[in-house]
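To start, the structure itself, in structure tokens.
Think of it as A, B, C and D in the order they're written, each chain with its own count starting at 1.
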Amino acid sequence: MKKTEIKIIEEVSLDNPIFIEALPGIGHVGKLVADHLIDELEAVKFAEIYSPYFPPQVFIGEGGIIENMYNELYYLKSQGEDKRDFIILVGNTQGLSTEGQYSLCGDILDFVEPLGVKEIFTLGGVPTGQPVENSRVFGAATDSEKIKILEEVGVERASEHGIIGASGLFLGLGQLRGMSGICLMGETPGYFIDAESAEAILLKLSKLLKIEVSTDELEKRAEETKSMILKAQRMEQEVMSRQIPQQDGDDLRYIG
Amino acid sequence: MKKTEIKIIEEVSLDNPIFIEALPGIGHVGKLVADHLIDELEAVKFAEIYSPYFPPQVFIGEGGIIENMYNELYYLKSQGEDKRDFIILVGNTQGLSTEGQYSLCGDILDFVEPLGVKEIFTLGGVPTGQPVENSRVFGAATDSEKIKILEEVGVERASEHGIIGASGLFLGLGQLRGMSGICLMGETPGYFIDAESAEAILLKLSKLLKIEVSTDELEKRAEETKSMILKAQRMEQEVMSRQIPQQDGDDLRYIG
Amino acid sequence: MKKTEIKIIEEVSLDNPIFIEALPGIGHVGKLVADHLIDELEAVKFAEIYSPYFPPQVFIGEGGIIENMYNELYYLKSQGEDKRDFIILVGNTQGLSTEGQYSLCGDILDFVEPLGVKEIFTLGGVPTGQPVENSRVFGAATDSEKIKILEEVGVERASEHGIIGASGLFLGLGQLRGMSGICLMGETPGYFIDAESAEAILLKLSKLLKIEVSTDELEKRAEETKSMILKAQRMEQEVMSRQIPQQDGDDLRYIG
Amino acid sequence: MKKTEIKIIEEVSLDNPIFIEALPGIGHVGKLVADHLIDELEAVKFAEIYSPYFPPQVFIGEGGIIENMYNELYYLKSQGEDKRDFIILVGNTQGLSTEGQYSLCGDILDFVEPLGVKEIFTLGGVPTGQPVENSRVFGAATDSEKIKILEEVGVERASEHGIIGASGLFLGLGQLRGMSGICLMGETPGYFIDAESAEAILLKLSKLLKIEVSTDELEKRAEETKSMILKAQRMEQEVMSRQIPQQDGDDLRYIG
């Protein structure tokens, strides 16, 4: 496998869909929100994405069944007050290298742009490194109109930092294609999967998308996500540890 | 050398061969099992693989003769109870970078797929980090039928973790091509080459492949493998150490 | 995005322009000088550069508005005593990988060479790691004639070290195309944004380019730059930290 | 610059030339030997090599003049007892990345193979990490005939380790093209430039190539090489340090 492959499961025709990115980042709250949206609103998977830029590994699932690294695209039609269509990007990983992130993000935008995407939401987390009592939601956007919209629903303006990875890059590269967008970032202790943080994001996102989503199942889903993330962390750690082999006491070396 | 080169030594015609991957991983027990199989069953080498994704180095063998980094493909015809054909992938290294792993694995699958491969076995190790009394063998598979087969021969189901490197990737990328597969992983202390762990895998593998293989020479072969692995570790270590040059006390620097 | 994209804003026709590179390096004094030049002399932006070799991230600006990683080209016509044209390269980042640096630098030279560039200035810093009382300016050049010119304006000759990144590479790759050039490097404590160091460079640069530039606003601009750089550092740090995931106590692993 | 560029200075016609590789490795004794050979025997430069796989930097030489990263090819005609032709590969750097090493080495072999090269010598060092009293020279080769030749001139057989970088890769990739070769490795404390170690290699190499070379100037040349190497180390160190930015106390981060 030498380049990203997008396997189309269903040819879809959408009307001005909003693109929502929620790939796993450090916070993982975005992923939890998106997985919840997909289940609650019964989104339909229409494409699978495989890439040499993903980590070179597979997961072992509950029944001992292996699972590839993947990204997936789901769609929803005529949702909420405004009867809008949505595309949701989820998965069990992000690109690993710098250039891989750009390549993947570009390929996915190339794929969704002809489907009519002009607006992007990306969901991420703000690791606080310590327990969070009332998880706040911060926002950034491609333009000041979007910032106003964020303020109207009570999203705090993110301070002058940056957004690393897919949640930043989709907004940035989308903007270069004339797309506008918003990034919602929930405060979270970090690796700990925090249903409350996800709920906080979900409440703001529902208002922004003008949809209604029950949050009853969120706690349960958080538990499932937690298990997946522990696996992912464990493996990233191994990929790293393989690259720092242990000493073996013998130091005669030929180098030229 | 800019891309992986597969040098064909013999054009082979095989009947629905099972592909067995046993490249060196941290455990190295898989490699030991495969080298043993090749010797005992007198498998025939039919292709050599060289790649810019291998470490940029050569080994020095016993007589001072240098040895390239390589992967090799062997075949066996009409083996065991079911008279099955086999292809075995062995070598002295794996791909080094993430994208190199994907590229190599894809190229090798491209080469063996037209030979009729529909089924994959990958052999790996579970480093325990401490002495193992009775080396257990864990299994994962691409589907629940294979999991049942594993249970029938007493292979424990692997817990929810992951499989990094070639043993994971061949199953994952194979699955995307419609191939089914099994990964067998033997418990092993780690770098120490453990003939007992290899024997445990070999016993399960023989049952699964319905072949008979003597294990008498396994201990001796473990010693040989040990020497090869020590060299490999030593060099990986050097590749790393070259990238962290020592300070030399002078800190005037121009950077722009 | 798979390769560097240069978005032309204005088609320009220039007469033998001098190319000035001032991308952010560790010192950041070069960037401060160039941003000041652009504002004071009212340089006009004529091209934007985006690249998969930049860090995979966006910045969040003051109003919560996101900002892509970018390089930009400005031009100035008929400046100073010699009525020379200038092209100035600035941005909020440099290429991240070795090969990315070469690729970007080559693409930018491919773009400016047909505009008539035969002479290059690159601006950088010399991190001293400690407070600097009177910031000195060091120089290196592609040929001994340029070295003489540097001596005439009181630039000290840089000692036998090296120049890493864009400030070195533009001179080196430029030289291979027959361009001559000078690198000016200001002593600076390092990350601390030092308006004095920038002023020292600016004084030498003005003499060399035979232009007049007020330094009144430099202090204020230093403050702005400082805020941008803090963001950049913070994010580089995160990119790194993401690659060294924390341990989670469970060490059962499958590797093959 | 996106690929390795070989700039031909003189079209040469050679008769079965021996190719000698002596790029800077950790020991640097090989480079010292080759630079000495070039000066003493008045070898003629016929090609310059520039590559995006070199470190992204330039050196500053004695007079403040910048120097690109480069490799160079020299030739010698009708030397020594056997009236053999030689090609010598020297430079101020090697490829930086794994794949860059393979790509560069392949490109250089592509260039010298049509000139008739069938035999390769590579020169390297064995860092001992401690003072060496009588620097020994170890050898490895592509075949047992060459090993015999090494023994005849008193070169000790290298133990079962490996050869990392250009000195290993040229032999390995050369062998895949049907070239035979020898690697000579001199014991050296490491970074310290050791004229004695170089002299030990030179004595063996002269015997193997059946040439006569005075060693009078070797000590002086060692001093010059030392200065070049200190610069190189300093810069490698900086390339590394740039990738591990310092903390700045503020840990609010948005990641997605």
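In this section, contacts are C-beta pairs under 8 Å (C-beta built on N, C-alpha and C of every residue); 3 or more make two chains touch, one makes a residue touch a chain.
This one's a predicted model, so the numbers in the text were calculated from it and none came from an experiment.
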Fill in: Same vs different contact residues, chain C with chain D, by half of numbers used
different
Worksheet, complete the sentence: So the chain most remote from chain B by C-alpha centre is C
Worksheet item: What whole-Å value do you get for the distance between chain A and chain D if each is reduced to the mean of its CA atoms?
Response: 47
Discussion item. Could you work out how far the Cα centre of chain A sits from that of chain B, in whole Å?
Written reply: 33
Worksheet item: Touching two or more other chains, which residues of chain A qualify?
Response: 26, 60, 140, 158-159, 161-165, 168, 183, 234, 238, 242, 253-255
Worksheet entry | Interfacial residue positions of chain A with respect to chain C in the complex | 26, 60, 95, 98-99, 101-103, 105-106, 139-144, 147, 150, 157-165, 168-169, 171-173, 175-176, 181, 183, 191, 230, 233-234, 236-238, 240, 242
Response to the item:
Per the touch rule, the chain C residues reaching chain A in their complex are 1-2, 50, 52-66, 68-69, 96-97, 100, 227, 231-232, 234-235, 238-239, 242-248, 250, 253-255
